[in-house]
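Following are the structures in question.
Here subunit A shows up in two complexes: once beside subunit B, once beside subunit C.
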Partner chain A sequence: MGLLTAAAWGVAPFSLLGGLSLSLLVLTALKLREAKQRREYRLVSLLQLVTAGLLGAQQGELGSSLLQGLAVLVALAGLLQLELGEVTNLGKLLRRSGQLVLAALPMALVLFLLFPRLGPFSDLGRLGQFGAAATTGLSTTLEPGTIATLTQDRSPAARVAFPGGGPPPASQRLWRVLVHGQFDGQSWRSLNAGMAGAGMAEADIAAGPDPSLGAPQTPGATQVWLSEPNGLPEVPWSGAGLPLDRHLKRDGQGQLRHDGSVGVRKLYSLAAEPAPATWRRQAPTAQDLQMAAGTNPRLETLAAGWRRQGSGDAQAVGGAKAVEGAKAVEGAKAVEGAKAVALAEAWFRQQGFRYSLSNPLLPETAPLDALLFEQRQGFCGHYASALSALMRAAGVPARVVSGYRGGTWVVPLGGSAFLDLRQSDAHAWSEVWIAGEGWRTVDPTLWVLGGTTGGDPAATSVQAPSAGADRAGPLDWVARQWWGLDLAWGEWWLGFDQRSQERLLQRLLGPYRDWAGALLLVAVALTLALGLAAYGWLRRRGEGDRLQQELNQLLRSCARGGLVPMPGETLGQFGQRLRQARPLLGPELEDFVGLLQQLRYGRPGAPQQQGLDRLSRCGQSLRRQLRRSPS
Partner chain B sequence: MSAINSPVQPLIAAIGQVLLGKEHQVKLALACLLARGHLLLEDLPGTGKTSLAEALARGFGLNFRRVSFTSDLLPADLTGLNIFDSQRSHFDFHPGPLFSQVLLADEINRASPRTQSALLEAMANGRVSVDGTSHPLPEPFLVIATQNGLDQGGTSPLPESQLDRFMMRLNLGFPARESERALLQGQALKATELASELTPAHLQALQQQVQTVHASPALLDYVLDLLARSRDTGRPGLPLSPRAGLALLAAARAWSLIAGRDHVLPEDVQAVLTPVCEHRLDGGQSRGEGGLSRRLLGAAGGLR
Partner chain C sequence: MGSGAPPRLSRWLPLQQGEVLKLGLRNLYIVPTGFGWLWLGGALFLQLVGIQTQTNGSVLLSFLMLALQLLSLHLTHGQLEGLEVRCGQPEPAFAGETAAYPLIVRVQSACEGLEWRLPPGALHGVGSLGPGEHPLALEWTPGRRGLQRPGPLRLQTTAPLGLFVCWSRWQPPTAQLIYPAPKPGPVRQVPMANWRERTEAVGALGGEGSEEWQDLRPHRRGDSSSRMAWKLLAQGRGAQTKRFQDPRLEPSLWAPDPTLPPEEALEHLCDRLCQLHRQGQSYGLALAGLQIAPDRGSSHRDRCLEALALCQ
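The block that comes next holds the complex of A and B.
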């Protein structure tokens, strides 16, 4: 028995998360250590069930859900073992706990569909801020070299499924994670680096209309993401979409933040948004022109040349006027963005840069000068940094964005088809502010590889240099099948939120807004009905004829008072024991026993129905007496 | 269980005056007689085995004989033999002690297996064949065999197959202190002084009546469950044979008749289970007082 409960404990910690569950877990383990009596073991089992429930509220991935289910099953088996006594057959115990779970399923289903998604339950994830171990992934600081290490890492980064649609065309497969706006001449830093919560509130306000409840006809999820822990609160997304999760916030730079623990896999979904994303039109700030002047003199000279060329163009008057802070940059006159980009593209294409994953380290002083004019080889991080720096030097607001590009479209045997992103799909590109258009995505790596900007990248895949992204071994195949199932599970388990609930109810009850009362009633009635049905079904299964029913009813009453038949005891002997234990019971006891014996063992001549009715009356009276005098 | 009006109650009381404080064993022995079974008494010498046998015989006015089994006892010594009458040139059958209504076979395990088997065949068939002629045994016919539990080493213990022929095995045991005091004070009657108005016809009527005691399907289920449990693999003890089931039901019927009921209750089965089944379960090796039967009862489970 102790072993059994211990085994259950071996299972639970796999899905460990959250301070509350952790302390519960420790508590339970300690209790199990010192438990000696039955009721202590009982307590352990119950604690285990509670913990499994808490974990279920926090971790909804398929793997942990299965583990939680297993833990519940084993805990129930332990409880059954405690209550039933001598059953030593583990298989039998597990089967019976499986039956219990089945009987509870209708109720669970009703609660799952109708239980209001609010209060502390769906919010428990917020507690889980501990244990954010640093994991390899994108870094908030982009220096030449950091992305190189990523590119060699084939470990999974994220999976995304597109319910109700296939994968986006290859040209649109840019998944943004971090926006690096701070440039110091050497490295690009992400703005809120390292502070998950800081600045969130303003950013959220800037993100425009909050996806709140009132929105009529909210479409369902169009992106379901499962993101591996990367040590960052920012998670990948397509750059467009309405977060369907209260933990998700979009900020003004186009980053998507998840306020759950950073050391955990995250499952979230986004809905299609008819309007274009607000961050694309978010006007640049002084930050986006900030330039450590003098750190890369040759680069600045080149940009100054473009600026002159651009200012000669009559149409490109004050492109940077949109930016208040542009005056901070020396030489207030700036070139128009589109023109600058075109100039840069032409320049990049004629330079004959080489794409390479292994490059010598750039010098500490003027690294971008060294890259552009001496070394002339590098990868996406290098070119994106260089281009953004050039744009800034030319007076055009620009920044570096890092995330993932491309991905492998996987159609598993079961579950959802999904796009598989590896760490080797990591990519960096630039975003340039074009007056009147907004932030335009510009990928200098494509120029280097000879492709066209935003044209048809199918011809020029950035993936080509990263050496066989699709070379999938059998293990990869198994993992992809699993992830497909995992995503499908996430789509309906985690994806079923308040909005889906409302939609379901509206479909069921019509477009009334005030169905709260009706909803409650229906839920209660349904739950009761299903519970009763399950109860009745179980009872009917357990009992044979009417005599046995009467006897079982009486036995249940007795069992409530702690009096159960011993093995091999006959009805007469049990009656005598009951009489000794409850001397105050009326003579119905002897009548009941006598009648039952007569009906069961006597000659069949006596009028059966009459005897049964008398038996039933005696039984009722006895049960009433037993209830009234519990001891 | 309100049945003092049974016709055998006076007899039980009367035998109780011979065998002080042994009412339960007396009732069991009587049940065995009523169920047409044979009785194996296993106990120390001097615990009243002979008295019980004789009292039972006298109680119904049956004739009674006692044979001490020794290692040189021959089958013919039991069955009797044909003796040539030279005057009439004819063989006359001289019946042996087997031809009595109640036979006390003392220390049956000291006789040779051949003799034992002759006795047991007679017990099973109710007739004896001598030189090709079969002679019916008297009705009713009850064998009460005794064996010395402590003395089994140097003798021929009864094999399991023959133990099965005995409906019950009883231990009389030592009397309680008060009963023994009364015995010492000379208050016990001698078996020969037993007064009873019952006749062999009464016994036969009772034996007929036992067969009509009602055993409901629920009760048969109980007996079948007990038999099935005894045959479960892994359970200690030998499995019970169908003959054991018949004996169990017959003894339970007799027991409920003695209790004055016209139908068998599970209690009746339980009361006779140890004497009827223990020697079949343990194969003749007395291990404890009915431990195997009690485990069997527990295993059959469920409130009956």
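The block that comes next holds the complex of A and C.
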């Protein structure tokens, strides 16, 4: 029970599955408390198994899977105990249940690999988000000051592995999570899921039978993410890639949403997509120009100057005001977007802004004016807000994006190499609509720090927002090794789906694909026979004459040291010879030989079990000594 | 659990006969228990959850449960397969009381979670039996006197996981001698005409006992010191040994009370004989067409009781 509770740790209690498994857990505990008869205990074991399975449906990472596996073993051990009727010790029971699972595992794996997979029945999986309590992490509202606390936080945010390739160059390591498109003069808000998704969410392609099934060219995962719970349905990604998980949806703003429970870790993967991401070309709406006019007058004046410069050729000054539809925006601001960015960059670089993590609070009225013209210091959130506001004031559609930047590339001893993202890697930047190009990522923090935008690798050397350098303590090291294994598990565990199964069948059977059913039957029969044989062998090995087993073990240890009984030599004689060869073994060897002979040939009556236990302890100690002094 | 469905089914299945029951494919039956069906339901439920959520964890566990069930079918069958059962020599017992019926079970490899039942009664667990021969004493309560065979023996196991129940039914061939149930009540005493003369003769032969003090005789070597007359020795009257003799009760033949229903009369007689045996008295038995002369001792008692048990 304890194991299950541990395994259930972190399950979102308000999602359908989470609620079901938690209530099952409580039910199991209550049933266990009141159970008196065998049938009731059996029910407890079954409930425990089902709960473990439900938890498995929610938490797929390595640690949870191990706990779930252990809970299954314990449940089986409970059943065995009920049937065998004798009070055996827990270790023995667990060994027995381990033997059973080992015997059943080949068949289970065959079924797992070959049994036809079905797509989900309906979209019930979405039920799970009415308890979205915000925990730490990124916030849907970006007000200068909120990320300051985040940057101090070294707790893990996410890990990403890149199967079949190394990490992207440092300059491209921007991991987007939230897009803040709503500006009220003070704060940037992210549009809520319903609004943003309206008409723009792309259908996820992983679910349902693929028309091209059977064609093995479906790409494998190129990003495997393990994201810590952050209280948001949006999860980090690179901004490009095809979701391989039916829980994942990309929206028109370039956010990736996971419709699982928000309070749990999420393991998901993305495949490479040959075409560029569609969200980059998603035309801006009036929303992307929305600006609480008059809230930051000095900023607006500055932007108005840029607008005049940028549209000096022929465009009407008031053009931006007339813009209502996306199409109009695109047409009218063809040159202005890129030019405005260039003007802004030049201006930012001239102003001598300072990057600082601790800043005085900005006033409630005209906060961005205070930032740009008085305080002149801040961090990524400040500068991204200011730049996006400036762009909007200049009539260029712009928005703020928050997520993570950089990350530490970790190559653990075992498992997959991965990029380790901490909460302190949280970052905010701007996206500006450039006609003909789409949404361009512009990071004003780099200008402030003296770097350059674009693909210049030099920019990457500037550890922009992250305060702490990579201080990896021993605990961090252990955690990273574990995460490496965790991700490797995730790659394998998440990677196997309907399509992988199809590929496997294709590879196994080739043109005889129709024979898959027969193959399944044959494989099940074979693994059943194999399981029975393996179980029998394991049982036989575990049973039999314990005296002989103990003696054999000791003789094997002796033989490794070159001491073998001569033909016709009795155990006593061999013991004496051994004592001469290894004087250190003296008293214990005598004990062992004496006990063995007494148990085998002595008068019955002395408690047999105690003698056997003593003999086995003696044997263990002797073998240890023999190992230590092999010659 | 597991004892519910099979008995209903058992009625339609042939009962095994013969001196030795060797369990094998032809006489073992196996069906899922209620728990087994529930287990299957649990596995299917997890499969549905796995399909709906497209997670491998639930799918694998569900297949593991199915695989365990399939494996368990063979393992449960394997527990009983090869088992050989034959009867031991049963000791006589009284009707209405718990009797032990001996069986000898020969196990080839190992047999776990063996349970048995003799009607009418509940299931009894035997536990695990290692390879070799094991004597088992099955308890049952015979209802009637005579040479009785316990009803069909049911041997079953649900080990190792309780998903299947595998069983066989067998009629043990050896009958057990069952005495009438001893119940206190009236019996008829038949006086013996020539008893006095016979006992006088026996008494003259010097029969000694331990109940009543008779007289003294001079102490001889080898006499028990507990019988030494210490008081006389202290008075200086020499070493004397006390002599005792058992009371001479008049033995008689006992017969069932003809006024009672015959079975009831036999039960009362059985009780009286047991009582007399406990008191160490001599008694005889007079039944229709059979007379057993008065005597004492266990073998005499057994002979009398056997006569009662088999009386027609």
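Quick notes
Following the convention adopted for this analysis, the second predicted complex is superposed on the first by the 413 of 631 C-alpha atoms of A that agree within 3 Å, B and C clash if a C-alpha of one lies under 4 Å from a C-alpha of the other, contacts with A are read in each partner's own complex, and residues count from 1 in each chain.
In the analysis below, a residue touches a chain if its C-beta (ideal position, glycine included) is under 8 Å from a C-beta of that chain, and two chains touch if they have at least 3 such contacts.
Predicted model, so just to flag it, every value in this text is computed and none were measured.
More residues of subunit A are in touch with C than with the other of subunit B and subunit C. Using the contact criterion defined above for the overlaid structures, shared-chain residue A:Leu105 touches subunit C, although it does not reach subunit B. In the superposed model, A:Leu555 makes contact with subunit B only, not with subunit C. In the superposition on chain A, contact of A:Ala346 is made with neither subunit B nor subunit C. When the two structures are aligned on the shared chain, A:Leu79 is found in touch with subunit C, with no touch to subunit B. Of the two partner chains placed by superposition, only subunit B is touched by A:Thr570; subunit C is not. Touch criterion met: A:Tyr601 reaches subunit B, while subunit C stays clear of it. Listed in rising order, the residues of subunit C touching subunit A in the complex are 1, 34-35, 38-39, 42, 45-46, 48-68, 70-71, 74-75, 78, 110, 112-113, 125, 127-128, 130, 158-162. Per the touch definition, subunit B reaches subunit A in the complex via residues 1, 214, 216, 218-219, 262-267, 270, 294, 297-304.
Note for the complex: subunit A touches subunit B at residues 551, 555, 565, 567-574, 597, 600-604.
Residues 17, 38-39, 42-43, 46, 49-50, 52-60, 65, 68, 72, 76, 79-80, 82-86, 96, 100-101, 103-105, 107-109, 111-112, 115, 117-122, 124-125, 207, 245-246, 493-494, 496-497, 524, 527-528, 531-532, 535, 539, 543 of subunit A touch subunit C in their complex.
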